[in-house]
Amino acid sequence: MSKKIQVTVLGATGVVGQRFVRRLAEHPFFEIAHIAASGRSAGKRYQDACEWRLDGEPYAGFGEHVVTDSGVDFSFAPVVFSALDTDVAKDLEPAYAEAGALVFSNASTFRMDADVPLLVPEVNPEHLGLLALQRKQRGWSGGILTNPNCTTTVLVMALAPLHEAFGVETVLMTSMQAASGAGYPGVSSLDLMGNVIPFIKGEEPKVEVETAKLLGRFQGRQVQDAPIVVSAMCHRVPVLDGHSEAVSVKLKGNPSPEQVRDVLAAWRPEPQRLGLPSAPVVPIRLHEAENRPQVRRDVELDAGMSVHVGRIRRCPVLGIKFSLLGHNTERGAAGGSVLNAELAKLKGYFD
Amino acid sequence: MSKKIQVTVLGATGVVGQRFVRRLAEHPFFEIAHIAASGRSAGKRYQDACEWRLDGEPYAGFGEHVVTDSGVDFSFAPVVFSALDTDVAKDLEPAYAEAGALVFSNASTFRMDADVPLLVPEVNPEHLGLLALQRKQRGWSGGILTNPNCTTTVLVMALAPLHEAFGVETVLMTSMQAASGAGYPGVSSLDLMGNVIPFIKGEEPKVEVETAKLLGRFQGRQVQDAPIVVSAMCHRVPVLDGHSEAVSVKLKGNPSPEQVRDVLAAWRPEPQRLGLPSAPVVPIRLHEAENRPQVRRDVELDAGMSVHVGRIRRCPVLGIKFSLLGHNTERGAAGGSVLNAELAKLKGYFD
Amino acid sequence: MSKKIQVTVLGATGVVGQRFVRRLAEHPFFEIAHIAASGRSAGKRYQDACEWRLDGEPYAGFGEHVVTDSGVDFSFAPVVFSALDTDVAKDLEPAYAEAGALVFSNASTFRMDADVPLLVPEVNPEHLGLLALQRKQRGWSGGILTNPNCTTTVLVMALAPLHEAFGVETVLMTSMQAASGAGYPGVSSLDLMGNVIPFIKGEEPKVEVETAKLLGRFQGRQVQDAPIVVSAMCHRVPVLDGHSEAVSVKLKGNPSPEQVRDVLAAWRPEPQRLGLPSAPVVPIRLHEAENRPQVRRDVELDAGMSVHVGRIRRCPVLGIKFSLLGHNTERGAAGGSVLNAELAKLKGYFD
Amino acid sequence: MSKKIQVTVLGATGVVGQRFVRRLAEHPFFEIAHIAASGRSAGKRYQDACEWRLDGEPYAGFGEHVVTDSGVDFSFAPVVFSALDTDVAKDLEPAYAEAGALVFSNASTFRMDADVPLLVPEVNPEHLGLLALQRKQRGWSGGILTNPNCTTTVLVMALAPLHEAFGVETVLMTSMQAASGAGYPGVSSLDLMGNVIPFIKGEEPKVEVETAKLLGRFQGRQVQDAPIVVSAMCHRVPVLDGHSEAVSVKLKGNPSPEQVRDVLAAWRPEPQRLGLPSAPVVPIRLHEAENRPQVRRDVELDAGMSVHVGRIRRCPVLGIKFSLLGHNTERGAAGGSVLNAELAKLKGYFD
């Protein structure tokens, strides 16, 4: 029986960090060696360093584990999951990568670097190949692999099979995003209750640029962005977890809603074919009821790893429109990073 | 001193009906003669027939007023405001019109009839001219005038000045609509709390067809629809009052965001020039803060009669996008009907 | 291997009925034979008769099952779970009981009848003995067994061990109750969002009288109410599932908070000793954090069958006060009824 | 025409500070001379120093006013309204008092000091007399006057007439408090949406001790606490503004609900008799509907300065129970302080 790979969780006290710990507590490939956070938490037991904000067993059984300082203690683990904030990630993630770890990062810091894989295993598993380039260019034995912004992740899960089958030309996406996307404490209840906030800092540009990279082609030495025009309008709504997206797309050949549905239903990309532990059996759940998917009722299905599509219909402007839903802190954050690491494992990066 | 015109409020016990009563309780042109509702409420005092659900003085001082039966008692008033449901309006509104009343209706029943004005005074006041045609064709001394669906109303308020200045070619609109749009009791709290519902029955087609009629040209004998392609994606969100809309538009000549802003800021259409009592001084409130307009904070301004525009910016797909907000049960319902009646008054229809 | 006992679910299309179906779909003692509802639903497939409103597998796998008419089709099953409304239960539950079924009812109709067991297995399992009396008096081969109002159920779970250990003299309970307690569609979102409603019809008297019966002593031929004075103040708050209760109690001997905590922690009543399938291992979950239990975070633990107690402290007026929480539609409704049936099974009522 | 008294608002950028500015912008006695905040805001225009979070005119017309540093700039105004945090108030309020200003403070810091008036003008206007003692003991030409915790303020408004008419012996109060009570950003939306939090730091002891002081008797040289036993259980609920309280009281002589209602209805204490500008005409609004008062619908009446009582009924434990409601950031904070200053003005403290 093969030994599990030891991992470090960086930024373990936050909303996404806690989800990393919960996901990795009983993982078939990985086991938690280090729970790391800022100096303020270092030295405390995990249960004293933060309030557990998820359901299920508090601290996923790691309540007694002593938190290490993410900034000074690089106690070696070959895999690092990073839930660090953008500015902190800037210095720390390269430090871990240089020390030899593969850093699976949820931060936006390095996503758009030309030699950093921006990865959704169902969408662009071949982009993993950028890692070799990165190591060579930066002289690292480890490396940094990123997952996209949560809103982008959900979007590309639906676009990828359409791009493959038809070709996506333009996308107009309006999001209605959950509070948890802003971390904790994040959005004040005084701002969000009974309200819609039509702005999320930095979100729209991220969706617009990351989508083109994710759907781009890896050509041995670089990723060439897909020639897709994306327009995003992002909103915060009084929802706990899960981003709803209203999507209009222009597809080549102007396929019918039935053709679009068939393509989404039949999609079984690499993670499903490989049987990655965190991959949902069906990556896109199709809803027939005219009022679904609904975030509160549907988003927790498949441990938040599938995305949901419903109301596929003609768009008078772009051709096809549909309702899309996905879990921002699972598929769009912790679960996405873990799935990336599972892909790297099966592709031999830890052999 | 001129005498006020007597009015009947139909469907006075519902959410919109109560707003009619509150708006008309102290109106410079009109005074309430009859408060009418279904047979179940007839004969009761208004305060016993329904629970008052607005703030301010309960029943707007009409609590002791005895409710008449909208279905049998046509006690004559020259103006009727109708908050009836679609199916009830079908028989009753023509009955009142035939009896000689001008019926200002919030129901969708007759909106798309070729000889019925679908009216927003800031947008298409000249459509009032259809009334002469209607009377002739139907042999009525009264008539039916309608206001659009609430979501459409808010949308055309922003589109009208752009259509006039540049020409609107296509519109993609995603709405996030308040619970009050579904009436009372309307949406169950079990469906709406912490949720987004990506479907509102009949809403999207209404927005798509009504917009073209509203922005159409009245040519003496008919309205020719504007050649505008509209795509709507409508959602219910946990908000009490006020519809938020994310709007992308393709305008002729591809104007800049600054040009769009200038046009919206300068717009002073007929109701503002005439000084209609319910018309807001400024029909479109422009917001500079990047996170405004916000429905809970902004929608009650100007008694809910102005609409709000913010975040005017380039749309990579259609050219221009912006955030839009308006009050669904005031501007989009009761207030809109009253404004229509005020326009008819100043245009001499009650002389 | 023993055969499972066939059951009928009455009122299966509502919020509680659906929870009955989900709980019984894979039950070790029982199997669903009939899914029954009003004539309007009869003859339809379950999935066509109602919208599934729980998470997990839709219709718990019974979507294709054809609904029978609860009012005319008494197709025999020895156990009936009733989620009927009070007034419908009045005629139907006796009809099933007379036909030979043991009816486990969630309706309030017969709860306070002197010969009807009002049962919470952890609290008063010996009250099952009333059934013999009921059968004799009413000439039934079956019978009616009830579970209390949801708010009462949660309350007596905490009071029972205190009554046993010390004796409860007076109780002052303020509840903050979830929307689901009112059924579906139940409370309008327009009434509940951002609001507290200080009244729930009939709730306070139910809590006040049912508590005394539940904690009463069964003396062979009747239940003598416990001499406890209860005062309830019931509120509806914007919460989906779970009732929070602020409880002050006067206990004999004026025990300390620590003594109270020890008694609650040590309590292992009959369902736990017997290992009833739906009984939580620990009936009362004690919380040490000063801001727990919290309904949204804690109430789903143990499939909603345990109750939660926190903040046990001195009450300057009555002696002891604490925070209490329980699941209204599981422990307080469907789960409670199923637990009652499990107790009856192990006590030999189906042999 | 008499000149207005100049005032300083301390902590003007927060939730309560903004309400001070809005209330004082058009006040008949006072005019704003200085808007002060922490060093971080000092030197900025008010509109640049904070986001305006109230409705109505942004910054109440003071958007261009330059913010002074509350900690170093004691530019003299004879009246200071303080919305400072407890720990900041500790040093600053005495500094202003020593400099000669009367400081009307919303902070809890000095409330329980024996020589500091804890004041609700309807309840204990004579406690103003403590000020002379304070000045003498502390050698100040100014002084500090406080208003109670928001929850306490609402409670004593209802208790005062009952104490006067009958004598209050014990009180058991369960509160359901709004998010705004925690300031801004205050409670995270991730904590509050769909939840009830059964704990508010420091709140219960404040209610229990402040009530006794407020209802105590001023005897020339000191206030003797009223011999009332109060027990408070405080909760945070998903409400924006307004605290709901469920109150049970033991009154001497065990009056009937009708007698209690009559006393509350007839109550016209000193601020109403004097006609203080911010005093509501009717201090206690009585509700007859069985489901009122409701916080979202009722709390803004009378600019938030009246409190609301409904559902007066027998309590089986203490004798009388009722539902109580009041505005936490108006009556319980900014409005309360302003009313205190108005009382001081009419009592000649600024002559």
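Note that the chains take the letters A, B, C and D in the order they are written out, and that residue 1 is the start of every chain.
Quick note on the criterion: a contact is a pair of C-beta atoms (placed from the backbone, for glycine too) under 8 Å apart; a residue touches a chain by one contact, two chains touch by 3 or more.
If you're wondering where the values come from, they're calculated on a predicted model, not measured in any experiment.
Undergrad: Give me the set of chains touching chain A intersected with the set touching chain B.
TA: Common neighbours, chain A/chain B: C, D.
Undergrad: If you average the CA coordinates per chain, which chain's centre is most distant from that of chain D?
TA: So the farthest one, by centre of C-alpha atoms, is A.
Undergrad: Could you quickly compare B-C and A-C and let me know which has more C-beta contacts?
TA: B-C
Undergrad: List the centre-to-centre spacing of chain B and chain C in whole Å, with centres computed as mean CA coordinates.
TA: That gives a centre separation of 47 Å.
Undergrad: Would you mind pulling out the distance in Å between where the CA atoms of chain C average out and where those of chain D do?
TA: Chain centres of chain C and chain D, defined by C-alpha means, are spaced 42 Å apart.
Undergrad: Let me have the rounded angstrom distance from the C-alpha centre of chain A over to the C-alpha centre of chain C, please.
TA: 41
Undergrad: Considering chain C alone, which of its residues make contact with at least two other chains?
TA: Only 53, 193-194, 238, 240, 297 qualify.
Undergrad: Looking at which chains touch, is this a line, ring, star, complete or other?
TA: Looks like everything touches everything, fully connected.
Undergrad: Flag every residue of chain C that touches chain A in the complex, lowest number first.
TA: Per the stated touch rule, the residues are 51, 53, 55, 193-194, 289, 297, 300-301.
Undergrad: Where on chain C does chain B make contact in their complex?
TA: 15, 53, 179-180, 184-194, 238, 240
Undergrad: Name, in rising order, each residue of chain A that touches chain B in their complex.
TA: For this pair, the touching residues of chain A are 170-172, 174, 176, 193-199, 208, 229-231, 233, 235, 237-240, 244, 246, 248, 290-297, 310-311, 315-318, 321, 323.
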